[in-house]
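These notes are about the structure you will find just below.
Each chain carries a letter (A, B, C, D and E) given by its place in the written order, and its residues are counted from 1.
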Amino acid sequence: MKLSSKWVQLAALAVLVAVLPLFFPSGYYYRVGALIFVNGLAVTGLVILIGYAGQISLGHAGFAGIGGYACALAPEHLGLPPSLSILLGAAISALLAVLIGKPILRLRGYYLAVATLGFGILVSMVLTNERALTGGPDGMAVQGLALRKILRGWGWRLSSGEFWYVMSALAMLLGVWIALNLFQSATGRAMRALHGSEVAARTVGIDVARLKLQAFVISAVYASVSGSLLALQNKFVTPDIAGFMHSIELVTMAVLGGVGSVVGAVTGGAILTLLPQVLTVFAEYEQLVLGLVMILVMIFLPRGLLPSIAAKMKGRGE
Amino acid sequence: MDALLQFLLSGVTVGAVYALVALGFTIIYNASDVVNFAQGEFVMLGGMITVFTYQAGLPLPLAAVLAIAITSLVGVALNKLALEPARGAPVVSLIIITIGASIFIRGAAQLIFDKQLHRFPSFSGDQPIHILGATLVPQSLWVIGGAVLVFIGLWLFFTKTLTGKAVLATANNRLAAQLVGINTGWIMTLSFALSAAIGALAGVLVTPITLVGYDVGVGLALKGFAAAMLGGMGNPKGALVGGIALGLLEALTAGYLSSQYKDAVAFIVILAVLFVMPQGLFGKSTTERV
Amino acid sequence: MLTVEGLRSAYGPIEVLHGVDLEVRSGEIVTVVGANGAGKTTLLHCLSGTQPISAGRIQFRGDELTTVPAYRRLRRGLAQSPEGRQIFTNLSVEENLRLGAFLYTDERVERDMQDAFAMFPILREKRNLVAGGLSGGQQQMLAIARALMGRPHCLLLDEPSMGLAPLIVAQIFEVVESLRARDVTILLVEQNAYGALKIADRGYVMETGRISMTGPAAELIADPRIREAYLGI
Amino acid sequence: DIKLGASVSASGPAAFLGDPEAKTIEMMVDQINEEGGINGEKIDLVLYDDGGDPNKARTFATRLVEDDEVVAIIGGSTTGTTMSILSVAEDAEVPFISLAGAIQIIDPVHKWVFKTPHTDRMACEKIFSDMQKKGITKIGMISGTDGFGASMQAQCKDVAPKYAIEILSDETYGPQDADMTPQLTKIRNTQGVQAILNPGFGQGPAIVTRNKAQLGIDLPLYESHGVASDGFIELAGAAAAEGVRLPGTALLVASILPESDPQKPVVTAYKAAYEAKYGETVSTFGGYAHDAVDLMSHAMKTGGNDPAAIRDALEATQGYVGTTGIYSFSPEDHLGLDLSAFKMLEIHDGGWTLID
Amino acid sequence: MSLLDVSGLGIGFGGLRAVDNVGFSAEPGEIVSIIGPNGAGKTTLFNMISGVYLPDSGHVRLDGRDVTGAAPHRLARMGLTRTFQNLQIFQDMTVLENVIVGFHQSESGALLSDLLALPAARKRSEIARMQARELLRRVRLDKAAEELAGNLSYGALKRLEIVRALAMQPRVLLLDEPAAGCNAVETEEIDHLIVELAQSGIAILLVEHDMKMVMRISNHVVVLDHGEKIAEGSPESVSKNPDVIAAYLGAGDEESVDADS
């Protein structure tokens, strides 16, 4: 990755975000766009964890759940404005990530997978069972963000869809920028090194345990913020946000797009978000096609969409 | 006291279901390091195909055999059409393929069959067996017996047969396996056929107890995966013990603590075990010299 | 016995063998020497079928080998002790050896195993231990022994002396010579070029994917260019 | 044309509900169009499958109002998906008939939101009043942790005191659980329990029923309206299901309804049409969708293509006879059903019988 | 007080005493070679000194400080690092990046400054990058700098590992068979590199089966067999020791050195 490529990637994304609405025939497209960005944010976090540091998680939706419910509960019980609730959720997620990360990050591969899976299930179980607090499986309502009203006060009238499109895009771009910074930094390089060989990483002075924890916490914060944004724009949140299926969905997005590359993973997120919307035409065959697409992408582009395509183009160039 | 016994019987029954699913994971994992997340769909296919062929008028045993055979073919097809073409891809990519396959098979099942729940009659009737004030349905014995038999079969396969060793060798070092003359492609085919057959067998045995529908696979795969990891992935003994332990944990928690949090307690225990034994109860730590 | 013509091979878009011609006659010891990255390992993997070739042909004992899948080549009598040992780290030493004779189920397997143990007594000591726990040199011995378990007509050895103590190196070279007496043909890739050329009948020098020189081993040892570039004398 | 939108959970964990709903909606719309449509205009149906995911449901709801520009929405098989669609419908001012049970959908009343199923609270009340009649005052409850079960469990706990019923034991099971004998053993061993109540749907209630028989527990078992279909008897087994009581709709007992019953023609017609078309037995849930489409099409006759007018017409509906009951909406009541719409059923010899 | 002082070190695996009561010391600028038959315990000794294994007896002292059982990364920060007999390369990173990782200690700063790409972090990275290139030039790998490390041949990877360790500017460097897989000419280059490093004041522990190299450059030789130290001393004295000849070098010392040339 060359030095400038960070800005090239960011600029490409930003231009895309800005230009796309010109082609939107209706407000619904803003909603889909916003969803893509919200997912893109969570997936970017997973790229840091899986792609950089080589640690798997099948429980990241748990952090999304914490972020989501923070925005539902904090305004109601603590009187916190929703915007600050996002930060509160992120802080709780980070704290939890530290607490559970310390013991479980010693595990490897599938053992780590099952431990994170367990964490995710615990979170979603608490959200489901503590009905008095969380509304149980039926979920609970979430207050809207005051910002939109403030903007309106300044004469900036955005529909809910437009508003969330902009907000989510900004959040994602910020997340991508940070992830790309990390990639080229000492910390990011050290993460990728431990992915390659833990022993060797240790012998050059890398504190492997600490680094894994950092990756875990950072990705937890990404997931948490993504969950918060989702809850806020849906104005409603259910335990599904923390569910196993959501965790799997996020990992799939990351791998499909190319878990080593931030922009690739965001692309993966976009595809898996769009696909069900496109497939409504074949309602009956939706699952069939979805499964098939996943298989085919992995067969023909085993390192994920973007990295594989990039490698192919490079190969041809040479 | 009879309550405790009832909890234990319930735990063993459910545990045997998990163990059967977990045992199905072992072969493919041992051959390729891939946890096949479509394993639950094999269980579902075993149950569904039996239901529909039975309803179509086939005698139950024949329907079951047919279901197992067809599911094995599906397993082989999964390997040939989806995993083999992706050979050399990173393991995460292979896992995503199995997840994709699981979605695909589920989608196909909902089209070919339906979205209803089904069951077929228990093999030996529904008259409960009374044991010291607790009860057990005869089908539970079928499930438990099935789990134990599959375990013994797998254990013999991996420790006593050269083919079993070849399976392990293929996962451990594919290049070296080819150099010693192992047809790794065939080993993979065999592994998928066997795994799928075990999955389907599980489906046939458990359907009278758990019922079957096109989407029961995910839940079963999840529990089976947790059980396999608790016991130590790849080890048949681990799968059996892990499955039964998970079932017992859930039943005892439901009986004595809280039915709401029984899955939670089970996972907390798994986390605690992994904290002490990072390779599960019977998992071998891989020796990697530097 | 083994004839290679115009062999080309690539990793992705990068070709590393640019048309290699080579011949090994029955009962010969032939060695290939060359600098790091010349393509020696790649060549051996092409012969074993574990590396795809893009052009050229391989003939072995009169048969076309080019399209035969890797796992069938041992059946034809071609075994390899690969670079980096490639043992089955999760299996025991004995299981590793047994798998070396995967193709056979006769009673000779047991005898071959005893021969292997006689050759490397340390392996007998460690027969029930996981191979991954062996020291580097012990793993190298295991890799060689495992290749011999396949009862090859032709044995490909990729840096067999790597990581071995001087005593064992000497022993390996003796083994190689004794194999010739048992009618096994040897293709030997060695960084210890001097030792290899001393026991070899003929040698090839490989430079960046091409054969740059060939001839009787004795001549090569005497060649000043070789002495300077590979023997450091 | 008049554009009608729908988003139901035709796949996923709530496919149980959503599948017959989707089929019914499609069938009904076809019927209406074949019969000449609404005032000569055809209904143009846009149907999405939200898979039971509230987030997807919201996206589809947005798509329905913003992109497809429908004038009314039917759907929301579960409470979670309904609540997601609800705020979209309210914002966009489009009438919406929900197919989910929870009381919070219409209480407090939302201007644009109606629903056809009874509330789970009503199911509890129906069951408790039957218990009261039989002199039962102490019960054990075992409920599913899915949305349906959990919501009904909460409602039942809430209204129990009104019927002087005490819940001595409160157990749960997961939606995919295979054995509930531990929970049932606990209930059995609780002193004083006179009956068992099982709020839940899907496979859970069938397994509970079988397990209860296996354990030889001799207490009356009440299931919820969530299992009111013939499939339940088949799954639980006629022997185990013998004597199970539950609140159901007229649909299940179409054939044994007295000729005088005003619902008889409606339910027989729907049942006949559905079973002929899809070759499977009708379920209560399909009935909810039937009533929703019917109510909506009636309102469209007066409201035409105008969402506000349709809404007003819906709210003005009086005495409409559906499969679920007889609806009379008002500005204060967007459900329009009372307890009389529920019938207490008992399973006998593998079939349904009417209690009252 | 020596720079590195090892005393009474031992560890067992199951029934096997892989290393037993081994001790020696190394001063700055010294090259200490550890030789012995295969399986003698040389790599295991390295694993204990570098913190990869926890010894069950004995001590490792660095500058007189007891660092027995300290985590590898802590030892690395104190200036002790190593290379591996079985290559440990960051396969999916470029050759250059592999070396930059070696600069981790001097390059890394606050996490936040990395996340936000603050100028300080960028500057540190830039310096590391330049120094890494310089190091690669030293072992003639600069042409391959942008290649993925996984694509290099075995010999090249060996050199890459050494420079990665050098990037840390260690005071004690453990080299486990650095010349394995290299031909005589390449071995000589490594040979020179090691001598150069020692001259710059680094204490070097060397495990190597290439006797010619060992005899040529070592100041001190320690001989292990079956986990125990059977001899130590100057290269000449050790090579004449009959125990060493019997256990390791073989009858004709001459011949084996010859065979290695």
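Convention: a contact is a pair of C-beta atoms (placed from the backbone, for glycine too) under 8 Å apart; a residue touches a chain by one contact, two chains touch by 3 or more.
To keep track of the chains, here are their UniProt names: A = Branched-chain amino acid ABC transporter permease; B = ABC transporter permease; C = ABC transporter ATP-binding protein; E = Leucine/isoleucine/valine transporter ATP-binding subunit.
Keep in mind the model is a prediction, meaning the values are calculated, not measured.
**Q** In contact with subunit A and with subunit D at once: which chains are those? Just list them.
**A** Touching subunit A and subunit D alike, sorted by label: B.
**Q** Note down the smallest number of touching-chain steps it takes to go from subunit C to subunit E.
**A** 1
**Q** What chain is the most remote from subunit A, judged by the mean position of CA atoms in each chain?
**A** Result for max centroid distance from subunit A is chain C.
**Q** When I count C-beta pairs in contact, which pair ends up with more: A-E or B-C?
**A** If we tally the contacting C-beta pairs, A-E comes out ahead.
**Q** Farthest chain from subunit E, going by the mean of C-alpha atoms per chain?
**A** Centre of mass proxy via C-alpha means gives D as farthest from subunit E.
**Q** Cα centroid separation between subunit C and subunit D, in whole Å?
**A** One centre to the other, that is 73 Å.
**Q** Rounded to a whole Å, what is the gap between the Cα centroids of subunit B and subunit D?
**A** Chain centroid spacing, subunit B to subunit D, equals 35 Å.
**Q** Can you compute the centre-to-centre distance for subunit A and subunit C, using the mean CA position of each chain? Integer Å is fine.
**A** Centre-to-centre distance between subunit A and subunit C: 50 Å.
**Q** Residue numbers in subunit D touching 2 or more other chains?
**A** 10-11, 145, 172
**Q** If you look at subunit B, which of its residues touch at least two other chains?
**A** Subunit B, residues with two or more chain partners: 110, 260, 263, 289-290.
**Q** Can you list the subunit C residues in contact with two or more other chains?
**A** In subunit C, residues 14, 133-136 touch at least two other chains, as defined above.
**Q** In the complex, go through subunit E and note every residue touching subunit B.
**A** Interface residues on the subunit E side: 43, 47, 52, 84-86, 88.
**Q** Could you please specify the touching residues of subunit E with respect to subunit C in the complex?
**A** 13-14, 36-40, 42-44, 85-86, 151-156, 177, 180-188, 209, 211, 248-250, 255-256, 258-261
**Q** Under the stated contact criterion, what part of subunit C meets subunit E in this complex?
**A** 11, 14, 33, 35-38, 41, 83-84, 122, 129, 133-138, 140-141, 159, 162-170, 173, 191-195, 198, 228-233
**Q** Taking the complex as given, what residues does subunit E use to touch subunit A?
**A** Going by the criterion above, the answer is residues 50-52, 71-73, 75-77, 81-82, 84, 88-93, 97-98, 100-105, 107-109, 111, 114-117, 121, 124-125, 128, 161, 164-165, 167-168.
**Q** What does subunit D use to touch subunit A in their complex?
**A** Contacts found on subunit D: 10-11, 47-49, 53-56, 58-60, 62-63, 65-67, 78-80, 83-84, 87, 91, 102, 104, 145-147, 150-151, 154, 172.
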